[in-house]
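Here chain A shows up in two complexes: once beside chain B, once beside chain C.
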Partner chain A sequence: MKAFLAKLDCGAGTRACRVETRLDAFRGLRTPRSKVPNTHAPRSKGIVRPKSVDTSVDAADTSVRATAVVVLALLTLACSAVAATGAQPGGELRFCLYSEPKTFNPLLVADTSSEAIRYMTAGVLIRVNRQTQELEPSLAVSWRVVSQGRGIAFKLRQHVAFSDGTPFSAEDVAYTMHTLFDPSLHAPTADSFHAGGAAVKIETPAADEVTLTFPTPVAGIERLFDQVGILSSKSPRKEMASLGPFYVAQYKPGSEVDLSRNPYYWKRDRQGLRLPRIDAVRLYIQQNRDMELIRFQRGDLNIMSAVSPELFDQLQARMPAAVRDLGPSLESEMMWFNQSPKAPLPAYKKLWFQSREFRRALSAAVNREDLCRLVYRGHAHPAEGPISPANRFWFNSGLKPHRYDPAEALALLGKAGFRLQDGQLYDAQSHAVEFSIVTNAGNQAREKIAQMIQQDLKAIGIRLNVVKLDYSAIIDRISQSLDYESCLLGLTNVDLDPDAQMNVWLSSASNHQWNPNQASPATPWEAEIDRLMQAQGSELNPARRKAYFDKVQEIVSQEVPFLYLVTKNALVAVSPSLQNADPSVLRPQAVWNIEMLALTQEVAKK
Partner chain B sequence: MKAIRYLAATLLLALLLAALWPGALTRTPYDRQFRELPNAPVSRQFPLGTDELGRDRLSRLLYGTRVSLLAAPAAALLSTILAALVGGLAGFLGGWFDRAAVALIDLMLSLPWLFLLIIVRAMLPLNVPALVSVLLTFGLIGLLGWPSAARIVRAGCRTLRCSDLVLQARACGLPRGRVLLKHVLPNVRPILTAQFRASIPIYILAEANLGLLGLGVADPLPSWGNLLRPLESGLAPDWAAWAPLILMLVVVSCLYLTQSSKVVVQ
Partner chain C sequence: MSLDAAGTSARTTRLGRALLRIAATALAGGLLSATMVRFSPGFGLDEKQLDARLSRESQEAVLRSHDQERNPLRFYAAWWKRVFAGDLGFSQSLNRPIRELLADRAPATLDLMLWGIAGAWVLAIVFSVPAVMRRLARLAAVSSLFSGMTASLPAAGIAILLFRMGISAKWMVALVLFPRLYQYLRNVLQQASGRPHVLLARAKGLRWQPLLWRHVLLPARAQLIALVAVSINMAFGAAVAIEAICDIPGLGQLAWKAAAARDLPVLVVLTVMIALVTQMSNLVADLSTPILRSQS
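What follows is the complex of A and B.
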């Protein structure tokens, strides 16, 4: 068995080195041999240089000839072993990005396309395993939180190099962190560290050790490093030199981004084979999902992410083996009422929206099961609260979705002074209950949700006017003019940690949508949420943090500032030609284990 | 040609009658959601089946036809009146008023009307019932659609201003207003009629475009625009083809009738 594994290793090594030569030629860069890490050097020496092998054969050196014969035999055996598994190293993986990537600088990523590229190209110190949601060592082999949560010390992996051969060291980490916290860069990732402009102390006691000390404790600090792509301090290619499995080889604006295999990527599989298994990734910039579907069915694409329920069902009928419903995702749909005292609304409407009974009644009047069944064709679940069950650690399993019960809704409204008369609901001052809901035009799922809520509320005597506006008009109304009554939008929790939601839950925050930018909490329950969020933000014990945030979720469920409607399922399609695919609900879904993905022999050869 | 015009007129009349009295063909309200019967096939209860929310497709198609067939002519009338006013006065009065009107017409024609509609729609009050949203949508289309017609009316009035007919009327001492009302406007009436007829299919399509973007008539009221929404996906269900088919027939019929009126003008 041992001998067999060695053969496989030999085969992969050969391929890797060939790729390296080709890529260097493509980039016009010749990697200096001296910069190749020591661990990789012997393999390169023995197999890659065809010229030296030829010379040795010409010289009729019998020992070299014998070695060459053995290597050849082993190579043949390795190839046949790979062929037997059906997966073929090499080949090109193809899928679509749905928007133009805004940047290739890993520190400036703020959009999903750039995020996907960063995931495949940038090396990080710690990686969140998208399947288990646990932390895994990556460029850091170990780490420990120090100084009561104010710092973190990393022990770095040795003999690692960037895609252009530049060696990786603690200097690169220090350079990356200095760049990240440079106020002139405005790096979105830096905000998560709450450094707040205060100096972050960065020390490199050894070539493979880095210690970072922050001015204040940062809760869940380790997870934040999953988003920090390490830059090279020395490489002439600057941020384009990557430590991830691939590097950006070519970018055609509006058309495609081509990634090539990083010949120096440090990771190997259990058999010791060098990863990634695929030679290249071609990312088409394609917004039209129907076109994407047609190309997927034709075999031009290997993966479709974030598939809509309609496309999913169509694909399921034609290629049942390709589609996968991964269950609840981190995306949910919700609505809220404008409770801001500054809103230019009649006083009686503000009273409705500020009434807990009114909000709870409306939540009970919405049939979430029907929304899941009709709008999402069963590929969604009634939402429980701000955290989806997909977020395994932070989800409060004690919460249940608000039950559809129009009778209870009417009883709650009765308690709050409303009365139903001739099919129309009136408040205590005899105002007919009628309000509008804004949502973004063009989103068919939201438009259908709004129409269904409209009918549900009609059943309890409320007239709902659905208004579809373009997205920028909605953002202006909900954040600037506050001239709206209720709003229906979606929510995607990109970060699993609740610390990232501070800007929503703190009453002083600008994204505290129902009543933003409060000088002091308007209600006792908002004050309590403020206290709990601050407590969890300064607490280092995960269990205690979870207890605090569970309480926040309970308060939100009782007070209903947001009416959480549905949690969408993560739907993906993976071509049967793609091996080892194990899609996750977390982004980047089907390619989270891109190093391990392989194409079947037939497709790889194409 | 005459037979085609009769056919077009008959078709429009039949559709108008069906849209005005939808109760003759279906008794199901257009907004009622039969949630247990989504995407139901054709049946006696639902002659065209139901949509994804369980609403009767035939009922929605008839009410949508009513909205488009009634509101588009109203918007066309509004824009024709505006065109007659601005174009007629500019052509007849001449001078600084003419120059200002031409500048205004050029300015309006240079605006990207779709974006303008979206911007103006975003500034309107939110809390309006669906029926008011119909008036707002078509009202906006009518208010923004007059400049090209005004330019043609102005050209017609300019020609008439120098005609023997007007010179003689003015020589007889008739006041300007009377000359305009009694002698100029009746002579540009064929132009106005042609503009009115030509505007109807354009406004029907304009609403359909807005509806396709989700910015037209508010839910749950159907219109051809929001009935076309399922076609946004190239893989739309077969039933969605009814709405574009009728839309196409109506637009073609209107265009045939417009052509006939142009012949009359010539």
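What follows is the complex of A and C.
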């Protein structure tokens, strides 16, 4: 057998990932017999299990016949190995990551590129369907929330193996959860559970059952498992052994990440064929979106995600069939004023920023429709609150849109003691109203937004100075020195559930940007938001949680601590050569159903 | 002591001093870099801090992860200690050992620099030699205009322009270097070709080609070697901007990313490395000059 395998190795393709795919297949051919029950063996036609070979051979047969049978059995076995790996000519899907992935460990993911790779490689217990936004069974066939929301019990899928053939069991889930909740890891995914460092009880009553018990109830606990990639407790490849449709075959730092088809992926299509349909995924690490556009037009790339409105319109003119505007995404642009008492700002400016009328007036003075039209070329919508309409369940459709009304803005300012004199606005102590807004340099859309706000505020006598800083300097200003007056940044809700925004809304939180780390709520409305957020976090009934969070959205809309400006549309480009593409506004947009994607025959053959 | 021995001793002393100067420059450059990065706004911060999912403990852990870098002197001393143990440090922003980052990225930059330098020299020679030796006034005017135009553009500007035209990054480096090399090369050639015996030879009707090597280039070889050393430094400077714009995974791109992320260990390694390369190439030029002059 070993000699046979060595020959096949030599005959394999020259590319490292291909060699690795085949090696994995062969490893799987050996391991299922010893480690996985027979039922784990791939169900492809023509499988001849070694056991049946042994029993079917009559000991009285001549040695020639026996040899022939063994050779035949080996050949059949080889064929079945090819079938098991699903060696269909699926081709290679190519698209870009816009930054270097920082980790391949699914538990340590914190950046967008690593998140995309985790989605394609890691297996999870429960998957959030990016199109319906509903939960779907994945490695867990069923689950139930137990202990009044403090726990969750999973029934696991059987006969599943990692990409290197190591069988999957409850032990792996327990190992993953133990690793995830290691206090020294500081994984964002673990923090989402709000376990607070307390011990999480993990039990495995059977090989296909796991129960997790947390010290306190966890709101919306099920959806959090969409982010928890399961690790193998036994595989020698450690976190590189995957349960998802692909595994990382090769990484060329700064250049590309190559994924290969997981030959043991558990999912099959309606015809019973093993998924995914594509053999490999090549992810180019490329920040330059112009170059990406050129390569997409040349046919080198199959997908472009998060396309800018300018490139979208360029592409629409040249390849109208390729572009798709999916409507509002989860990304919005917003600005806020520094209300922190610790900020090194003049006292009179702090009074402006702490005035509700001032904030509401400025909100009314900004023409959001113009921002959508001119900055985003119509591929955006005026934002109403912290939750985008793309978040179907949690969006509060009752919020009133922020109307552009400079007259109302001036009226509100008048009520707060401001006066307009010779085109300049003055406060009650005769200070000319002038402040600065910081935003990150290099983000063209944000720079344009800042310029347009500057024009809008000029119309009500306010002088706005735009300060462009690099991202690190902005983080320093808004989180450490607090040396800024107002800030314009983007917001991306990675998680649909508002429980993930706890660190934004609680007044004691460090990401409560307008006035972080408060010892006690500075205003009654912040105290009310604290109460409502805590209430939704400990409530299990989704309808009641929604009611609490709707109220939070209403308070935010009235008090305007954040001026939500626009919700960007999700813009993607999908090559006509890619079949079954059904892009979603949720990340990873065009590849959320990667296992179902297929390339046209001509492209697949390339 | 014989004259030869005295000469060798003087050369050894000079070499020793030069090496000490190189070491001191690299040391000082590294420390300066560490200090500048340490006190730049945004140092020790990570975009993870804006991740609303992170608990207070995790955010504090992110901040604490840079504790060893807060005192630049202490960091620098500890870093050199690790360097002598064969460890260049760890990049937190890219989550990889710096040794691996350098090994992965150096070939791309070397390739870009070598082709760029070669291209720039070819262009400079093609434009300057006929202009000076054949006294082609029009060519001299056109090449001066062209080099003036390219010299007035920053490396990033040239890179963006050529990138949009679909021209290879190697040509971008070549075009960034060209004006500097051209100006200097033309001056050197003019100086060498203006020597009395060259002028006399030309006046007697000798063609310029035989004169070029023996009477123009060879006498100017010391300056030309110094120019090669300078072009290495210029090429790396150009590579930073070009690699960042064209997404070339080289050391220039690494420097760019490290600067944006205030990655202190990476920036110190790159600074020391560039200081060493620059000083070493200058040393080679310095040492070769008297030897070449004595031979001419």
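Note that in this section the second predicted complex is superposed on the first by the 519 of 606 C-alpha atoms of A that agree within 3 Å, B and C clash if a C-alpha of one lies under 4 Å from a C-alpha of the other, contacts with A are read in each partner's own complex, and residues count from 1 in each chain.
One rule holds in what follows: contacts are C-beta pairs under 8 Å (C-beta built on N, C-alpha and C of every residue); 3 or more make two chains touch, one makes a residue touch a chain.
This one's a predicted model, so the numbers in the text were calculated from it and none came from an experiment.
Counting the residues of chain A touched by each of chain B and chain C gives the higher count for C.
In the overlay built on the shared chain, the residue A:K102 is in contact with chain C alone; chain B does not reach it.
In the superposed model, A:A110 lies in contact with chain C only, and not with chain B. With both structures placed on the common chain, the touch criterion links A:P188 to chain C but leaves chain B unconnected.
By the document's definition of touching, neither partner reaches A:S538: not chain B, not chain C.
In the superposed model, A:S255 makes contact with chain C only, not with chain B.
In the superposition on chain A, A:S510 makes contact with chain C only, not with chain B. Of the two partner chains placed by superposition, chain B and chain C are both touched by A:D290. Judged by the touch definition given at the top, the superposed model places A:A473 against both chain B and chain C. Taken together, the two complexes place residues 290, 469-470, 473 of chain A in contact with chain B and also with chain C. Interface residues of chain A facing chain B in the complex, by the touch rule stated above, are 289-290, 293, 310-311, 314, 367, 370, 373-375, 434-436, 438, 441-444, 447-448, 450-452, 454-455, 463, 465-470, 473, 483-485.
Chain A makes touch with chain C in their complex at residues 100, 102-103, 110, 183, 186-189, 191-192, 194, 196-197, 252-255, 285-288, 290-291, 294, 469-477, 479-481, 494-495, 500-504, 509-511. Interface residues of chain C facing chain A in the complex, by the touch rule stated above, are 40-43, 45-59, 61-62, 94-96, 100-101, 104-105, 108, 163-164, 166, 245-247, 249-250, 253-254, 257, 260-262. Remark: chain B residues 31-33, 35, 38, 52-54, 118, 121-122, 126-130, 213-215, 218-220, 229, 232-235 touch chain A in the complex.
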